[in-house]
Amino acid sequence: MATMTMAKALNAALADAMLDDERVVVFGEDVGQLGGVFRITDGLQARFGDKRCFDTPLAEAGIVGFAVGLAMSGLRPVVEMQFDAFAYPAFEQIASHVAKLRNRTRGALSVPMVIRVPYAGGIGGVEHHCDSSEAYYAHTPGLKVVTPATVADAYSLLREAIDDPDPVVFMEPKKLYFASGDADLSARTEPFGRAVVRRPGRDATLVAYGPAVPVALEAAEAAREEGWDLEVVDVRTIVPFDDATVVASVRRTGRCVVVQEAQGFAGVGAEIAARVQERCFHALHAPVLRVAGLDIPYPAPMLEHTHLPSVDRVLDAVARLQWDDQPDSRWLADEVPA
Amino acid sequence: MATMTMAKALNAALADAMLDDERVVVFGEDVGQLGGVFRITDGLQARFGDKRCFDTPLAEAGIVGFAVGLAMSGLRPVVEMQFDAFAYPAFEQIASHVAKLRNRTRGALSVPMVIRVPYAGGIGGVEHHCDSSEAYYAHTPGLKVVTPATVADAYSLLREAIDDPDPVVFMEPKKLYFASGDADLSARTEPFGRAVVRRPGRDATLVAYGPAVPVALEAAEAAREEGWDLEVVDVRTIVPFDDATVVASVRRTGRCVVVQEAQGFAGVGAEIAARVQERCFHALHAPVLRVAGLDIPYPAPMLEHTHLPSVDRVLDAVARLQWDDQPDSRWLADEVPA
Amino acid sequence: MTTTPQAARRASPRKRRPATPAAPDPSAGLMPQAEPVRLLNSDGTALPSRPDYPEPPVEALREMYRRMVVGRRFDAQATALTKQGRLAVYPSSRGQEACQVGGVLALRDDDWVFPTYRESMALTARGIDPVEVLTLLRGDWHCGYDPTAVRTAPQCTPLATQCVHAAGLAYGESYQGRDTVAFVYIGDGATSEGDFHEGVNFAAVFKAPVVFFVQNNRYAISVPLSRQTAAPSLAYKGVGYGVPSEQVDGNDPVAVLAVLNRAVAHARAGKGPYLVEAHTYRMEPHTNADDQTRYRDAEEVEAWRDRDPIARLESYLRAREVLDDAAVAEIAEEAEAYAAGLRERMNTKPTVDPLSLFEHVYAQPTPQLVEQREQVRAELAATQEEDA
Amino acid sequence: MTTTPQAARRASPRKRRPATPAAPDPSAGLMPQAEPVRLLNSDGTALPSRPDYPEPPVEALREMYRRMVVGRRFDAQATALTKQGRLAVYPSSRGQEACQVGGVLALRDDDWVFPTYRESMALTARGIDPVEVLTLLRGDWHCGYDPTAVRTAPQCTPLATQCVHAAGLAYGESYQGRDTVAFVYIGDGATSEGDFHEGVNFAAVFKAPVVFFVQNNRYAISVPLSRQTAAPSLAYKGVGYGVPSEQVDGNDPVAVLAVLNRAVAHARAGKGPYLVEAHTYRMEPHTNADDQTRYRDAEEVEAWRDRDPIARLESYLRAREVLDDAAVAEIAEEAEAYAAGLRERMNTKPTVDPLSLFEHVYAQPTPQLVEQREQVRAELAATQEEDA
């Protein structure tokens, strides 16, 4: 058990995977000598040579399509998209090939690969550097979509993603890169595809993933003072989604708030809320509420704190969970504000 | 009032818009002499000349980016993506520029344009020709997302989209192209951004859009025999979403099923279900259920009928709306099937 | 100080010198010939031979003829099957036989082919079961053949996307010490896509053994070449990537094979990718569903009949006395038999288990897919009861 | 009949003939010079003049010098502002002054510029308020200036995407009868993106008046040019689109302006797009946040100091006697004053109304945004109460 940053844990996961499986190759923009703009691939080229870890031409569709070809030849590509919004040029390759090749070939041609995407904000980044793009991938059948919230998960989920027979879009919350935590670099945590209860509680369940998990945990702490004992579930793998863990928790607590950083409309949080109310209707004392980013382009550094789900916003939502069994005044009016 | 196909109504909308506003230019792949593979632009080049309606090089990012430049110069581009999946190469241009330019320039630079996307299946198309991609756009702030379900709406919504000051992704349900209906080519129907009750009913509300609307209406007819009087709401504009109409209906009926053709996970239907249960919790006698496409790559012609939401599937969902006030047996077991 | 008119007018202290200095041309060896390579006249008579493109062995040319004849018959049969509703759609490559077959003959069995929807003829010429080749177009849910077994990627519909796959596959193979060549079929229209640019560039930067073979058949559905490029030839794109390029008369089977042999040898020798543009013509509509009268007139199509690649090769081989009436008849028979066999085997609608929808989405179905599969299973059971 | 060895061995009825036929070269007028155009030696002494690239008027060169000096000072000030936390990040273009300023001087005020994040110097040289130019990098939410007023697109971060915008804008302008030229700044790395390919091709096919100006500064962050292309020069990409192209010494201000003048004249004359590659070098790290020691050593950077574009132009203008100590001092003073003014005006953190988050997402906020705005408004009111 060692203490390290998430960035270091991801770096270790890549190094260990390259050590264990010589088919693993790491490439992308600036991943070689520079070690990536976030240093996630730091030292890999020096250690494994410039055939195992290398820079490519500056073209994301090319990087992902090249990975498809490498996977066809039997290698295990792990590619880095430099930032969330800069993966968009690769969208056709991801949606029409990476996600579908196994299906189109009856399993004869699988293209296991990991597409690493540093995502989301909270780092004071300028435009195009802070998008939350997980929903685009989660809505695309054939892709697995994973996002760690802890240092330990960063290591183990990345190792599992690289070993996985299916293509995995690995979403890395930028703002957690340099947060430290404990990680046992030999152990795996939960099996792939399992959510985990990060904090047990009796009164309500906060369901969160990636960058929103620390916010949920902080909110749960703060909620104590208000006399609420909140459970926090970390989704970990958006696809496949772990209904069992989430549903069990909400059936126990009877209340649920979903927290995500991405703009809310048609996001992953909508899916979670829809699933929970379908499966837990009779256990619910209040509607499943969502705390999400605003439905705007990711804002400027100066304003991102207003955009991002905050502890206060989570607590406001929890407060609206009809503890007095009175309907939510916000929606009482016959017509919705417009 | 005239009877025509949706294809013809769309063609008339383009022609009338070009007639009323000489800034309107129509371009894309095969939209010129051929009139588009679905003939939506039929005759426009002959009538307005090859400067107003023209073919471009075969490159979708190019087409959308070219439209951005044309809009900057003061024109009103209406571009055609030949099929849903073939709009993916343009995803970066759409998500990072079309959606954001107004915001990034404080409104100084708006790029009003219409991106027409023939989408969804039911036409026996082979792979990559039947994707339902509306959620990708609906989840991207800055875009309006519209989809007609009737011939009249096809005309009026397209006219409104072309006049709109914001970029509009106009999703055209392929399978309805050659369905006939009445349209008054001078009138607009509802104002932009309004849903409409296509069929009044007392017992439950079916919320649907685009290709799912006829299915919902058919199901409502069939439900009569089972003794259910179903209301059908046609969303029409996914963004902006008309909460008022949907919420008013569900508060009245107390039950709701959302029907969409797209794969269900993290789709627009999830957003609708989440919104409805947030806003109508105390009016709901049962969870909001969803009938959607399966979470698989769009299947082959031979199997698409199994994939697509059917009248039977809608009726099955309606039957599960706990009319006897018994919880849904499917979710009774403590753990979810896995 | 401000510039005085005098100072400004004062002549610059320069000597005049003739325009461009004579420097070695860095583009040497990259640029294509000014005219498409041609070894046969349209009537099949031989042009003077040329050292840069030695003529392929006559046995190879005879085999090429055989596969072109069988290929054209296959193509006609496939088009016929659409009329009988046995195929959902079929894109014919009639007129492009020299390109379809030439690519295949230039390769080894263990090389990889990256075809488009247009390459059904090439794939059958490669020896893939025609029923497998047509599986997808029949309305079934997969590509039919096992790509790894026949070293042929699924026919690619998203245009130009296969270019980067080929670059990756070729690099991965050489990375693992194999001398596999990746061969990309692509159309003139698809060269306008960003993925063509990225694919050729990746191959060039990584010196990957890829041959990019552009079948310029003059149209992208209805859009003429003039809307795809303002360049003198699509082969001129190669130099921008440092990739040697050539253009060839795509209806001259001898020239096509000669040029592709050289391109494949170049790639196999580890010298990196090669770009070839073949000038050819699609004699049929884009697919059976296309209405070509909207964008080209019959005269234009007729004019290309005089350059028919099969007639051209036949008369040449007859002149070389490696083909005679008997052989021609024998090959024609073989083609008929091939078509008859296909017709017969396609005479049934394939049946597919609806539950196969849930297979191969992932290596193992997710809990959500298991759930959905059980629902569909229940629905099917219910309908069976009703039917019973 | 099967081929008899005899038949096979029978010599082909061909006459040998010399390799390639002499045909007019269709690439004539499209290919760049074999060597970058250069009008000044590194020491600023004049090279023989050349008819194809007439030297710009000396007043223009003197003005170029002035803007380069002021531009470099601005650039240094902006880097300094990052250290003081006044700018979130800043990408310096030190060393690229000839390119930054040359592009601007070749244009009319009503032409359109499509810059990247690297072009802050070019934009200030164009006369845009430096505080506006730096607005985004300060952490504010918009591009600072009004693009339509200054005919300059927002600085573009998604690489190469501006190429297609420029093609569209230029076509749209000529479509409406205006002779506007669109000028694209783009880096060497970005030429690898598909959008570069599509943008140049659209401009070529539609004969749009666009000048694509590639500042090849040898690096894409840490990635060297050798990973972007295997071509002799990035200017060789033009011929593949039928676009005339040139390469120029990007640290020779006289040559840069001469070549860009010709390129802009070509586009303005309605002859379609033009591609220019300038060989230059980024003297600073990619941005203040970059650690260049990881990918290049000091010697390499040092070597480029000898080619400093400002020193080079200064000594040439002194030789031409349109610049003397007094003038140099005067311009240096102007630069200092410019920097001081900027420093002062940037000395405050800008404040932004949180509710502006909901403005300009759409022409009118959607009901959903109105709802969210009211929630935020309520939150703000609540916190104010608490604070009170």
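The letters A, B, C and D name the chains in turn, as written, and every chain counts its residues from 1.
Keep in mind that, in the parts below, contacts are C-beta pairs under 8 Å (C-beta built on N, C-alpha and C of every residue); 3 or more make two chains touch, one makes a residue touch a chain.
Please read all numbers here as calculations on a predicted model, not as lab measurements.
**Q** Most remote chain relative to chain B, going by C-alpha centroids?
**A** D
**Q** Tell me which of B-C and B-D has more C-beta pairs in contact.
**A** B-D is joined by more C-beta pairs in contact.
**Q** Which whole number of Å gives the spacing of the CA centres of chain A and chain B?
**A** Centre-to-centre distance between chain A and chain B: 28 Å.
**Q** In whole angstrom, what separates the CA-based centres of chain A and chain D?
**A** That gives a centre separation of 36 Å.
**Q** Express in whole angstrom the distance between the two chain centres, defined as the mean CA positions of chain B and chain D.
**A** About 40 Å separates the centre of chain B from that of chain D.
**Q** Listing for chain C: what residues touch at least two other chains?
**A** Only 141-142, 158, 192-195, 197-198, 201, 205, 227-229, 361, 366-368 qualify.
**Q** Using the touch definition from the top, which residues of chain B touch two or more other chains?
**A** 56-57, 59, 61-62, 85, 88-89, 92, 96, 103-104, 127-128, 141-142, 239, 241, 243-244, 265, 295-297, 336, 338, in rising order.
**Q** So in the complex, the part of chain B that touches chain D is made up of which residues?
**A** So the residues of chain B in touch with chain D come to 25, 51, 56-57, 59, 61-62, 64-75, 89, 92-93, 96-97, 101-110, 141-142, 144, 164-166, 193, 239-244.
**Q** With touch defined as at the start, can you tell me which chain C residues reach chain B in the complex?
**A** Where chain C meets chain B, its residues are 88-89, 136-137, 139-142, 157-159, 189-190, 192-195, 220-223, 227-229, 291, 294-295, 350, 352, 354, 356-358, 361, 366-372, 374, 376, 379.
**Q** Contact residues on chain C for chain A in the complex?
**A** 112, 141-143, 146-149, 153-154, 158, 161, 163-173, 175-176, 182, 194-195, 197-199, 201-202, 205, 359-363, 366-368
**Q** So in the complex, the part of chain D that touches chain C is made up of which residues?
**A** Residues in contact with chain C: 1, 3, 7-8, 10, 12-17, 19-21, 23-27, 30-31, 33-35, 46-52, 55, 57-59, 62, 192-198, 201, 204-205, 207, 226-233, 236-243, 272, 319-324, 326-327.
**Q** If we count contacts the way the header does, which residues on chain A are in touch with chain D in the complex?
**A** Counting only chain A, the residues touching chain D are 29-30, 32-35, 37, 55-59, 61-62, 85-86, 88-89, 124-129, 265, 294-297, 299-303, 306-307, 312-313, 316, 336-338.
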